[in-house]
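Please find the structures below.
You will see chain A twice below: alongside chain B first, and alongside chain C after that.
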Partner chain A sequence: MNLAQGVQLVSFAILALMTLGAALGVVLLSNIVYSAFLLGGVFISISGIYILLNADFVAAAQILIYVGAVNVLILFAIMLVNKREDFPAVNSGSWSRKGATALVCFGLFALLGTMVLVTPWSLDLSGAIANTVLTIGQHFFSDFLLPFELASILLLIAMVGAIILARRDFIPEKSSKAETETPVLTLPERPRTLASVGSSNKED
Partner chain B sequence: MIQLQYCLLLAAALFCIGIYGLITSRNAVRVLMSIEILLNAVNLNLMAFSNFTDPAEIKGQIFTVFVITVAAAEAAVGLAIILAIYRNRNTIDMEQFNLLKW
Partner chain C sequence: MVRAILAPSKRPNKHLAWQMNTGIDLQGNFLQTLKDIGLPAGVAKALWIPLPLFLMLVTATVGVLVVVWLERKISAAAQQRIGPEYAGPLGVLQPVADGVKLVFKEDTLSSKSDRWLFTLGPVVVVIPVFLSYLIVPFGQNLVITDLNVGIFLWIALSSITPIGLLMSGYASNNKYSLLGGLRAAAQSISYEIPLAFAVLAIVMMSNSLSTIDIVQQQSGYGVLGWNIWRQPVGFIIFWIAALAECERLPFDLPEAEEELVAGYQTEYSGMKFALFYLGSYVNLVLSALIFAILYLGGWESPIPIEKLAGLLGVGETTPWLQAIAAAIGITMTVLKAYLLVFLAILMRWTVPRVRIDQLLNLGWKFLLPVSLVNLLLTAALKLTFPFAFGG
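Up next, the complex of A and B:
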C-alpha cells in the first residue's frame, strides 16, 4: 500500500464516519432544525465519497442540487410550519415500537452486509477514465436521450404541481367601499375551516 | 485502496438508518429527510458499482443523475403536500394524518 492508497483509505474512513454520524443525528435529534443542518452534512460527506469514487461531475451536481436546493427547501418548509408542538404520546408503548424498528433495521443491515461480503463481485480494474463529463454528455445525448427529455418534463410537472399544491386560495372579488376605508395589510385569503384534529383517532 | 465492499456496507448502513427514521419519525418534515437519506444510499450503491465494475462507460453515474432529478422533484412536491396538510389540519404529526383511514 503506497501513500496515495493510504490517503484514500483514511479519507474514506473519515467521510464514512461523518456520513453515518450526521445521518444518525438527522434521525435521532429532537430539534428539527439541527436535523436539517446535519442533513446538509450528510450530503456534503457523500459528495466527498463521490470524489473518491472518481466522479467529479456527480459530486458537483450533488452539492448543487442537494445542498443548494433540497436542503434549503427543507429549511423553508421547517420555517413555514414553524410550530413547536409536543407530540401527544400514542397509547401503545413508543419504546417498544422504536426497539422493534431498530431490531428490524439492524437485521436488514446484517442481511445486506452478509450478502455484500459473500458475493464474488466481478471487478473491472482497468482504471478510471479521465474526462467523466465528456462521457456523461455522450451518454445523455445518444443512448439515454429519451430518459433525459423525460426527466426535464418530470421536473416541469413537479414544479407546476408544487406551486398548485402550495398555493393559497385568493378571493378575487372586491367590494367598492373597501377603497375608501383604510387598507388592511393582510393577504386576502379565505378563512379555512380546520378539519377536526384528533377527534377521529379516539376510537382506536 | 477503497474496496467495493466498503462502499456497499456504508450504503447499507445509511439505508438502514434512513428506514429507521422513516418509520419512527413523528414529524412529517423529518420523514422527508429520511427519504432523502434513502435515495442517497441508493446513489452511493450506483456510484460504487459504476466505479468498480464499469469504469469505462460510467452508466451508474447516469443513473445517479436521474435519481438526483427525481429526488429533487419528490422533495418539492412532498414539501408542498406537507404545507397543504399543515394548513388543513394545523399539525405536522404523522399520527394525526389519518384522513384516509376508515
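Up next, the complex of A and C:
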C-alpha cells in the first residue's frame, strides 16, 4: 500500500464517519435548526466521497445544489417560522409507535441493502476520466436525453407553481361572503389589490 | 500565428506546445532536488504538498493587510482626510495594529446564545473563501491545482458562505443578527445565479472550466485578446454580482448600520469578529483575482511578452526569459486585481446603498434576464463567428 492508497483509505474512513454521524444527528437531535445544519454536513461529506470516486464535477455540483441551494432554503424556511419553542415530548410510553418506526426503517434498509447486493453494477475500473464534464454532457444529449429533458420539465413545472403561489393576486378573490366574516384570523399584512402592471401605471 | 486564440485547449500537450512552457516548474525542481538528496519519491511528494497551501494562506493574509491599508488610505483620500499615518511609514502598519488589537480583545458570548453555532459560524464563512484560492493561477504553472472543474469549484464553494452567515445570525440570539443573516443569505443566493451565468458565457467561449485554459484562450494578442471586449455585458454583470457577493457598499445591506446595527456581526468580538473581517476582505481580493482571470487576461501582460522576445530574437525556453515572464505574470495578476479593488473602494464612497427591495428587484428582474440574454447571445456568436468566439 503506497502513500496515495493510504491517504485514500483514511479519507474514506473519515468521510464515512462524518456522513453517518451527521446523518444520525439529523434524525436524532430534537432541535430542528441543528438538524438542518447537520444536513449540510451530510451533503458536504457525500461530496467528499464523490471526490474520492474521481467524480469532481458531481462533487462540485453536489455542493452547489444541495448545500448552496437546498440546505440554505431549508434553513431559511426554518428561521422564518421557528419561534424557538420547546415542543412537548410525544407520548413516549407507547412502544408500538417506536416498534412500527423501527420495523419500517429496518425494512427500508434491508430493501436497499438487497438492491445494492443484487444489482450487477457495471464497474469501470479503467481509471479517472480526463474530462468528466465533457463525458457527462455527451451522455446527457445522447443516451440519457429523455430523463434529462423530463427533469428539466419537472423543474419548470415546479417553478411555475412556485410563482403562482407567490403571486397570490392571480387567485380570484373570494365572494363577498368571506368579507363579512370576522377578520380575526387574517394574517397581519397589507390587503392585496388585483395588481397588474398596466392598471397600476394608469393609477400612478 | 492565430493558434493561441483559436485552438481549443489540448490539455495532454500542455508541456509540448510552444507557448505553454513559459512558466517555471517549481514542483518538478523541488521533487528532483529532494530525490537527489536521497529521499524516496513518496516522502518528497508529501513534503511538497503543504508548501503551496501554506504559501497561499500567507499570500491571502498579506493581501488582506494590503487591502485594509488601501481601504483606509483611499477612503481618507476620497473624504479629503489623511488617514492612518503614525503606525509605520504612511501608516502601513495600521492593519497589523488592527489585527493585534482584535487578537487581544475579549471574546464575549452574549447570554442565551448558542455557543456551538456561534463559534462555528465564522469558521464556515472563512474556510470556503480560503479554499477557493486553490484554483487561482498566477502563471502557467503557478497554481495549486489545475482542476478540470476549476471555476465551477469557486462558484460551488462560494455558495457555502450563506450557511455560515445564517448560522451566526441565528446563534447570536438577537433580532438584528437574525435579520442580517437572513438578508445576507437572500442576497447571496439571488446574485449567485447571474454570476454563474456570466461565468458560463466565458466558459462557453474557452471550452473549458479550468482557469488556466480560460487565461490561455485570451492570450496571444495582448490587451486586444482579453475577454472584456468579447463580453462587455458579461463583465458588468459579473462585477455587480461579485460586489453583491462580497457585500461591498452599494450592496452591504446585511450589515447596514442604520438599520441593523451590524447585521450578523453585531454580537461578535475578538477573534471571531476578526474571522468575519478577514473573510470579507479575502473574498474581495479573490473576486478581483477571478475577475482579472476571467475578463482581463489573468497573468498576460497588455503587450505579449512572447512577441517581444520573438522580436528581440530570444528563444522561448531561455531560462532568464522564463524567470522574467513568471515575475511579470505574477505582477500583472496582482496589479489587475488591486486595480479592481481600488475601483471597489472608490465605489464605496461614490454610490449610495440600495434598499433591500431594490436589491432583490435588481437581482431577479434585471440581472437574471440580462445574463440569460448574454448567454444566448454568446452561444449565437460562437456559432456564427467561431474564429473570434472560441468555436
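Note that in this section the second predicted complex is superposed on the first by the 122 of 204 C-alpha atoms of A that agree within 3 Å, B and C clash if a C-alpha of one lies under 4 Å from a C-alpha of the other, contacts with A are read in each partner's own complex, and residues count from 1 in each chain.
Methods note: a contact is a pair of C-beta atoms (placed from the backbone, for glycine too) under 8 Å apart; a residue touches a chain by one contact, two chains touch by 3 or more.
Just so it is clear, the structure is predicted and the values come from calculations on it, not from any experiment.
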* When the two structures are overlaid on chain A, which partner does A:I63 contact: first (chain B), second (chain C), both, or neither? -> second
* To do: Considering only touches as defined above, state whether A:N131 meets chain B (first), chain C (second), both or neither.
  => second
* Who contacts more of chain A, chain B or chain C? -> B
* Asked: Thinking of the overlay built on chain A, is A:F37 touched by chain B (first), by chain C (second), by both, or by neither?
  -> second
* Would you sort A:L80 into first (chain B), second (chain C), both or neither based on which partner it touches? => both
* Touching partner for A:V72 - first (chain B), second (chain C), both, neither -> second
* Asked: Residues on chain A in contact with chain B in one complex and with chain C in the other?
  -> 57, 61, 69, 73, 76, 80, 132
* Interface residues, chain B side, partner chain A - complex -> 1-2, 4-10, 12-21, 23-27, 29-30, 32-34, 36-37, 40, 43-44, 47-48, 50-59, 61-62, 64-66, 68-77, 79-84, 86-93, 95-96, 98-99, 101
* If you look only at chain A, which of its residues touch chain C in the complex? -> 2-3, 33-34, 37, 40, 44, 56-57, 60-61, 63-64, 67-69, 71-73, 75-76, 79-80, 130-133
* **Complex interface listing, chain C residues touching chain A** => 11-12, 42, 45-46, 117, 147-149, 152-153, 155-157, 159-160, 162-163, 166-167, 169-170, 178, 181-182, 185-186, 189, 192, 209
* Within the complex, which stretch of chain A touches chain B? -> 1, 5, 8-9, 12, 16, 19-20, 23-24, 26-27, 32, 35-36, 39, 42-43, 46, 49-50, 52-55, 57-58, 61-62, 65-66, 69-70, 73-74, 76-78, 80-81, 83, 85, 87-88, 90, 97-98, 101-102, 104-106, 108-109, 112-113, 116-117, 121-124, 126-129, 132, 135-136, 139-140, 144, 147, 151, 154-155, 157-159, 161-163, 165-166, 168, 192, 194-195, 197-198, 200-201
